[in-house]
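Read from first to last, the chains carry the letters A, B, C and D; within each, the first residue is number 1.
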Amino acid sequence: MLNIRRLSLDEAKILIDGATKKSQEMNIPMCIAVTDESGNLVTFDRMDGAKITSISIAIDKAFTAAGARNGTHVYNQLCQPGQPTFGIHITNGGHFCVIGGGLPITVDGHIVGGIGVSAGTAIQDQEVAEAAVEYFMGQTGYEASA
Amino acid sequence: MLNIRRLSLDEAKILIDGATKKSQEMNIPMCIAVTDESGNLVTFDRMDGAKITSISIAIDKAFTAAGARNGTHVYNQLCQPGQPTFGIHITNGGHFCVIGGGLPITVDGHIVGGIGVSAGTAIQDQEVAEAAVEYFMGQTGYEASA
Amino acid sequence: MLNIRRLSLDEAKILIDGATKKSQEMNIPMCIAVTDESGNLVTFDRMDGAKITSISIAIDKAFTAAGARNGTHVYNQLCQPGQPTFGIHITNGGHFCVIGGGLPITVDGHIVGGIGVSAGTAIQDQEVAEAAVEYFMGQTGYEASA
Amino acid sequence: MLNIRRLSLDEAKILIDGATKKSQEMNIPMCIAVTDESGNLVTFDRMDGAKITSISIAIDKAFTAAGARNGTHVYNQLCQPGQPTFGIHITNGGHFCVIGGGLPITVDGHIVGGIGVSAGTAIQDQEVAEAAVEYFMGQTGYEASA
């Protein structure tokens, strides 16, 4: 039997809080999604005024980061034309998102979930996701590495 | 020009709080989704232990209730075989949900959003959605009719 | 942080073995799928001669049983016309299967995965799934209840 | 009347064994799928810890390799922007996979199935698929050419 660690809803909401604070500082209303380690949605917020096309992008970024165990920005480069991973952006029924702003959540060396942020540029989305992870680690006292 | 009234994120979270309280009383972890009046997701929570098949059902119930402007339980009866509305449950790309547990949120006679609850029986889901609406009205002081 | 128990691949293969033995006794080549507790596929076998339309049905049965935490035959009754859960068979992008032959795998009171069997009648599929679970419990020494 | 040669389930499992051995040597848990010559799934294993986004990618690689009768890496180059085959990666409902790691299984000059491997880099996935085919030929004594 495998023993898996998974974000609780309360912990996932800390990620939402961290992302919201950063988005407010940047004055960009964002869609923010958190999945568990298996890519299933745990919690989601669309800040007032955030783009509706970002709803599914944020959810797909969180799914991809948790499921593929990499930041979505990593695949943005790996899937460029001429690269051997070209084409990964249309797999998983179109849900594999290769735009920056999705990050896996790693605790003690285990991926326990994923966060996805969307509505700004890919760079801004990634900045918010990174701030959310930093805030999460600060609030919970968890460590990324074992 | 139309002026649309729409739930804010803070107001949508009051609906989540109301649904969560009722779910905890009933000891059934639920998936709870709130959409705006256009059927687009505003916020979502999967309580620890809630069924993963209920994620998309809760979102679809909220979408259906806001979009079709009726409780989803209403369509459960209207779409029965032999009824003229039979078949509506497979429209909208399969997102039109006819299982009880989705309710429109009505303020001053205007539909401003929808809530969808899933993980219990249809009856339990609807009970939680109704408790959430009642809690929302109590907390905000809004009135359903104009 | 939540602690989740999940079938390993070796354990999932015991379920496949149990289902295969029973299918051979019944002389019906089956498609057999095992998912983890989150509904993601762990292992799959199509016995020589099994129907190709049963590939996705077996996978969807295992997904549904694990995700909704019930045998798929339970929903077959709950979703009949006139029942409040009518319509559940078209949710989850059409992957919610309400035909008997899907069972959750429960160990110490926790759902750790799901099995789905397809190619015979719903009754035969369920019989094979039940035999697989019984074989799994016998081989591993696990108990369903805590 | 056509007479088709097709991998049996037992033969397909030899491919899984070969891929698993190589993945273990490389210390990368992989998703491994084998289809028949018609592209329909025969058997699948997700090694403990393999990425969940690789489940459907492995299946699509095996489907593509058997169906299009080429290694998926071949299409990775053929479908680059500016090439006349550009666009093939979004055909077949998104299931045509152009990432290396899918290979047709050829026996006596006939394609009898396909294997798809996913979870590492495209190069690693292809290396595992090649090792699986080599292992299969060694174990069965089959020859690729007639």
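FYI, contacts are C-beta pairs under 8 Å (C-beta built on N, C-alpha and C of every residue); 3 or more make two chains touch, one makes a residue touch a chain.
The structure displayed is predicted, hence computed values, not measured ones.
**Q** Among A-C, A-B or A-D, which pair gives essentially the same interface as B-C, with more than half of the residue-number contact pairs in common?
**A** Matching pair: A-D.
**Q** Looking only at residue numbers at the chain A/chain D interface, is the share used by both copies over half or under half? Answer same or different.
**A** different
**Q** Need the CA-centroid distance for the pair chain A / chain D, whole Å please.
**A** Those two chain centres are 30 Å apart.
**Q** Averaging only over C-alpha atoms, locate the centres of chain A and chain B and give their separation in whole Å.
**A** Chain A and chain B have C-alpha centres separated by 26 Å.
**Q** Report the inter-centroid distance (CA atoms only) between chain C and chain D in whole Å.
**A** Each chain's C-alpha centroid was found; their separation is 26 Å.
**Q** Send over the residues of chain A in touch with two or more other chains.
**A** Counting only residues that touch two or more other chains, chain A contributes 2, 8, 38-40.
**Q** Of all possible chain pairs, which ones touch?
**A** A-B, A-C, A-D, B-C, C-D
**Q** Please output the residues of chain C touching chain B within their complex, sorted ascending.
**A** Those residues of chain C that touch chain B are 2, 38-39, 63-64, 67-69, 81-82, 84-88, 90-94, 96.
**Q** How about chain D: which of its residues touch chain A in the complex?
**A** By the definition above, chain D touches chain A via 48, 51-54, 56-57, 60, 73, 76, 79-81, 89-90, 94, 97-100, 121-123.
**Q** Please output the residues of chain B touching chain A within their complex, sorted ascending.
**A** It comes out as residues 8-9, 38, 40-48, 52, 55.
**Q** Under the touch definition given earlier, write down the residues of chain C that touch chain A in their complex.
**A** 1-8, 11, 36, 38-40, 107, 112
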